[in-house]
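Can you read through this structure? Questions will come right after.
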Amino acid sequence: MALFHVRMDVDIPRDLDPDLRAETLAREKEYSQELQRQGKWPEIWRIVGKYSNISIFDVESADELHEILFGLPLFPFMNIEVTALTRHGSDIKE
Amino acid sequence: MALFHVRMDVDIPRDLDPDLRAETLAREKEYSQELQRQGKWPEIWRIVGKYSNISIFDVESADELHEILFGLPLFPFMNIEVTALTRHGSDIKE
Amino acid sequence: MALFHVRMDVDIPRDLDPDLRAETLAREKEYSQELQRQGKWPEIWRIVGKYSNISIFDVESADELHEILFGLPLFPFMNIEVTALTRHGSDIKE
Amino acid sequence: MALFHVRMDVDIPRDLDPDLRAETLAREKEYSQELQRQGKWPEIWRIVGKYSNISIFDVESADELHEILFGLPLFPFMNIEVTALTRHGSDIKE
Amino acid sequence: MALFHVRMDVDIPRDLDPDLRAETLAREKEYSQELQRQGKWPEIWRIVGKYSNISIFDVESADELHEILFGLPLFPFMNIEVTALTRHGSDIKE
Amino acid sequence: MALFHVRMDVDIPRDLDPDLRAETLAREKEYSQELQRQGKWPEIWRIVGKYSNISIFDVESADELHEILFGLPLFPFMNIEVTALTRHGSDIKE
Amino acid sequence: MALFHVRMDVDIPRDLDPDLRAETLAREKEYSQELQRQGKWPEIWRIVGKYSNISIFDVESADELHEILFGLPLFPFMNIEVTALTRHGSDIKE
Amino acid sequence: MALFHVRMDVDIPRDLDPDLRAETLAREKEYSQELQRQGKWPEIWRIVGKYSNISIFDVESADELHEILFGLPLFPFMNIEVTALTRHGSDIKE
Amino acid sequence: MALFHVRMDVDIPRDLDPDLRAETLAREKEYSQELQRQGKWPEIWRIVGKYSNISIFDVESADELHEILFGLPLFPFMNIEVTALTRHGSDIKE
Amino acid sequence: MALFHVRMDVDIPRDLDPDLRAETLAREKEYSQELQRQGKWPEIWRIVGKYSNISIFDVESADELHEILFGLPLFPFMNIEVTALTRHGSDIKE
C-alpha cells in the first residue's frame, strides 16, 4: 500500500453554468464519499478560510492515485499537490 | 476541540555534541509518543526523502498546541508551519 | 476561545454587475459590523495602498472561524490567509 | 498618530553566551512591557509554533517606530516586516 | 510628516474602452501633478522597461497616503507596494 | 512497482574532514551503483553547472524509496525533492 | 548528442472549441509518439495529480530541441522548463 | 546622466572584530557623505525596521555606479539590488 | 555608452485578431532588425522551449533604452526585466 | 555548436585564507581568459552592484560546458544557473 498527502485548491470559474456547477459539486461529493467508504481516501479536511482541502490517500500505487485524481469531477478546476508519505519512526501505530 | 495540520522540517546542526544529539532524539520520540497515547497527536508521517514530518494535532486550543510545540526537544532545530483545519463537508465520518 | 490573525485580499471582477457589486459590498459591511458588535471580529484594519484588510478574530474555535469566513459576501472574490495566534509571554494584559 | 502592523521572527544564534542570552531576553521583555504601558505597543501575539510575534504599534510617526524597533535588545537577531495600516471603512470603532 | 516609498505596477485591461482609457490616463496625470505641486508627491520615476513607477510621498500620515492612493484614477488597475521610510543616519540633509 | 523522480542538490560543508569527504563520496558512488545494478535506480543525470543530480527510481513502494534515500552516505548534505510519476498516455512503451 | 530534462505544464483554455481541443490532443499524441519512435524523446512520464509531464529528450542540439518544442500542437497552452543534463560520474551505463 | 534606484540590505557578521566593525561603519558614512556632497548619491533613506536603505544615485553611467558600489566599505556585508530609472511622463520637474 | 541585459517573455492573448497579430509580429521583427543594424541591439537569443528572448542593448543611456522598449510593437504583451551590466575585470576585450 | 547563457553568483567565505583567496581569484581569471581566447566563452559581463557575472558560452555540447563550469577555480563558491539558447528568428546575423 502507498500513502499520499494531497492538497487540492479549488477555483471554479465564475461563469460556469450554475446547473453544471451544482451537478459537478454533487458528483464530486459522491465520488469522494465512495472512495472514503472503500478506505482509499481515509482523511479529508477543509483548510480554514480557503476553498481547499488536505487529504490522505491510502492506495495500491501512485498509478491508482493518479487515476483517482484525474477522475475527480472538479479536476479541471483544481490545483493539486501530491506528497509521498511513509511511516514515521516515532509512530506508535504498529 | 481544535484540529491542526503541522509540518516540521528538522535541521540539526552538524556540530551538536553526539551525546546531546542522541539524547535529544530519544526525548523527542518519548515526548511524541506520550502525546500520541493521549490522543493529542493522532497522526505523524515521514515525508519521503526528507528529514520532515507531517502531523495532525487534536487539541483543546491553539494555545495548547503552542505549548506542545514549544516543548518539543527538537524545537530549536525545526521550522514549523501550522495550518488550522476544520471538518470537510464531504467527510463521511460524522 | 481562539484567536486568529486573518489577511483578506479582495479582487472583485471588473465585469461584476454594478448593482450586484454595490449590494455585495453593503452586505459585507453589515456582516462585518454585526460580528464586530458580537465581539467575534474585534479588529479590522486597512493595509495602506491595498484593497486588503488585516483582521483579528476571537472565536470559539477554528470551525466557527471557517463558518464566518465562508459566509463573507465577498468570499468568492478574496484570498484569505489564516494564522493561529496565542498569548505572548511579554503581553501585559493578563 | 500612526498605526503599524509588525511581524518579528526571532533567530538567536545557538552559540550566544547563555548569560547574555538570558539577560537579552529579560531586557527585551522589560522594553516591550514599558512600551505597552505607554500605549505605543498595544498588541503583541505569539504565532503558534514559531518563535515569532505579530504586534500592533500606535506611534507618533514611522520615525518613532524605527527608533523603537532599532532599540529592541533582540534587534540583531530578528527579521522585522513593517506594514502601514489605516482605518478600515467597516470598523465600528469611531 | 511621514515619508513613504511606493511602487505602482500598472496593468490596464486590454478590453477597456479606448475613450475611458484615454480619459483615465489624463485624469491620472492631472491628479499626480496636482499632488506634486502640493509637495505631497515629490518624486516619481519610471522603471526602465516596465509600465511601473517608483514614487516618494511626503504626507501627514499613512491615513492621508491611503486616501491619495485609493483616489488614483488607475487604482483599480494597479498593484501598489508601500514601504515606510525614515531618515538615514548618513544623510547630509539636516 | 512505483516510479519516482528525485532531484538531489548536494552541499558538502567546506570544513568536512578531507578524508571523511573522500570516503563519503566513494561510499555514495558504490551505494548508487549497487542500486543501479539492482534496477532500482535506473537513471541518474548530472544537472549542467550544478552539484546536483536528477534521478529516476523504480522501487516497490515509497517506503522502500525512503529507506534508500535515508541510507545515502551524502544524505546529511543534500536537499532532496521527490515527485511521484505514473505512465503517460502517449508513452509508446507498453 | 545532447540530453535535456523538460517539464511541460498544460493549461488548455476552458473555452477552446471541443473539436479543436480533441484534434489538438490527437495531433499532440501522434507528434510525441513519432519522436519517441525516432529515439529523440526517449522518456515521458505523467506527474501524479497534475496535467503535466516530465520528459527526457535526446537530440542533436538545443536548436533541434527548440524546433521540436515549438512544434508541439499544445505549445500555446503549455509552460515549458528546460534543464540541460550531462552524464553523471556514478552512472554505470558506459 | 543616469539615474538608479538601489536597495542595500546590510548583514554584518556577529563575529566581526568590534574595532573593525566600528571603523568600517565610520568609513561607510564618510564615503556615503562625500558622494552625497558630490551630488552622485542625492537620496538615502532608512527602511523602517530594517538595517537597509533605499538610495537614488545620479551618475555618469552604470559603470560609474558599479565602481561606487564595489567601493562601499560595507560591500562584502550587503546584498544590493539595482533598478534603472528614467523620467516619468507625469513628472512636473522639467 | 550603457550596456543592458534584457529578458522579454511574450504572452500574446489568444483572442487577438489574427491579422493584427501577424502585422504586430512583422512590425516587431522590422523594429528589432533596424535597431540591430544600428548597433543598439547587438544580441538577441531565443530561450529554448519558451516564447522569450534574452537580448543585449548597447545604448546611450537608460532613457534611450526605455524609449526603445516602450516602442516595441509587442510591448503590451510582454513582461520585461532589465539588468544593468558593466565591464567584467576578466574580460579580454579591451 | 551549442550556446548557453550562464549566470554565476559568487560568495567567497569570509574566513577563506587570504593567500588562497588571492590565488584562487588569479587562477579563475587565467582560466576564464584562456577560454575566452579559445572562443568558448565569448562574453562575460559584471552585473552592476553584485559579485556576479552573466556569460555566454559557445561550446561543442552541454557536456563540454559542464566540464568547463566544474573546472572553475571558484566553482565551490558559486551558484550557477544555465539556460540553453538558440537562434532568434529576428536575429540579423546569418
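Note that the chains take the letters A, B, C, D, E, F, G, H, I and J in the order they are written out, and that residue 1 is the start of every chain.
By definition in this document, a residue touches a chain if its C-beta (ideal position, glycine included) is under 8 Å from a C-beta of that chain, and two chains touch if they have at least 3 such contacts.
Remember, it's a predicted structure, so these values are computed and weren't measured experimentally.
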**Study point:** Chains touching both chain D and chain I, listed by label
**Key:** E, H
Point to revise | Selected pair, out of B-C, G-J or C-E, that shares over half of its residue contact pairs with B-D | key: C-E
Revision key, fill the gap. Rounded to the nearest Å, the gap between Cα centres of chain B and chain H is 44
Practice item. Compute the distance, rounded to whole Å, between the mean C-alpha positions of chain F and chain I. Key: 40
Point to revise | Where chain H and chain J are represented by their mean Cα positions, the distance between them in whole Å | key: 27
Check your understanding: Listing for chain D: what residues touch at least two other chains?
Key -> 3-4, 46, 48-49, 62, 65-66, 82, 84-87
**Study point:** Contact footprint of chain F on chain G as seen in their complex
**Key:** 3, 5, 28-29, 32-33, 36-37, 43-49, 53-54, 56, 83-92
Check your understanding: What residues on chain E touch chain D, complex-wise?
Key -> 1-4, 61-63, 65-66, 82, 84-87
Review point. Once bound in the complex, which stretches of chain G touch chain A?
Key: 14, 46, 48-50
Study note, to complete from the structure: Within their complex, chain E touches chain C through residues 4, 6, 13, 62, 65-66, 69, 76, 80-82
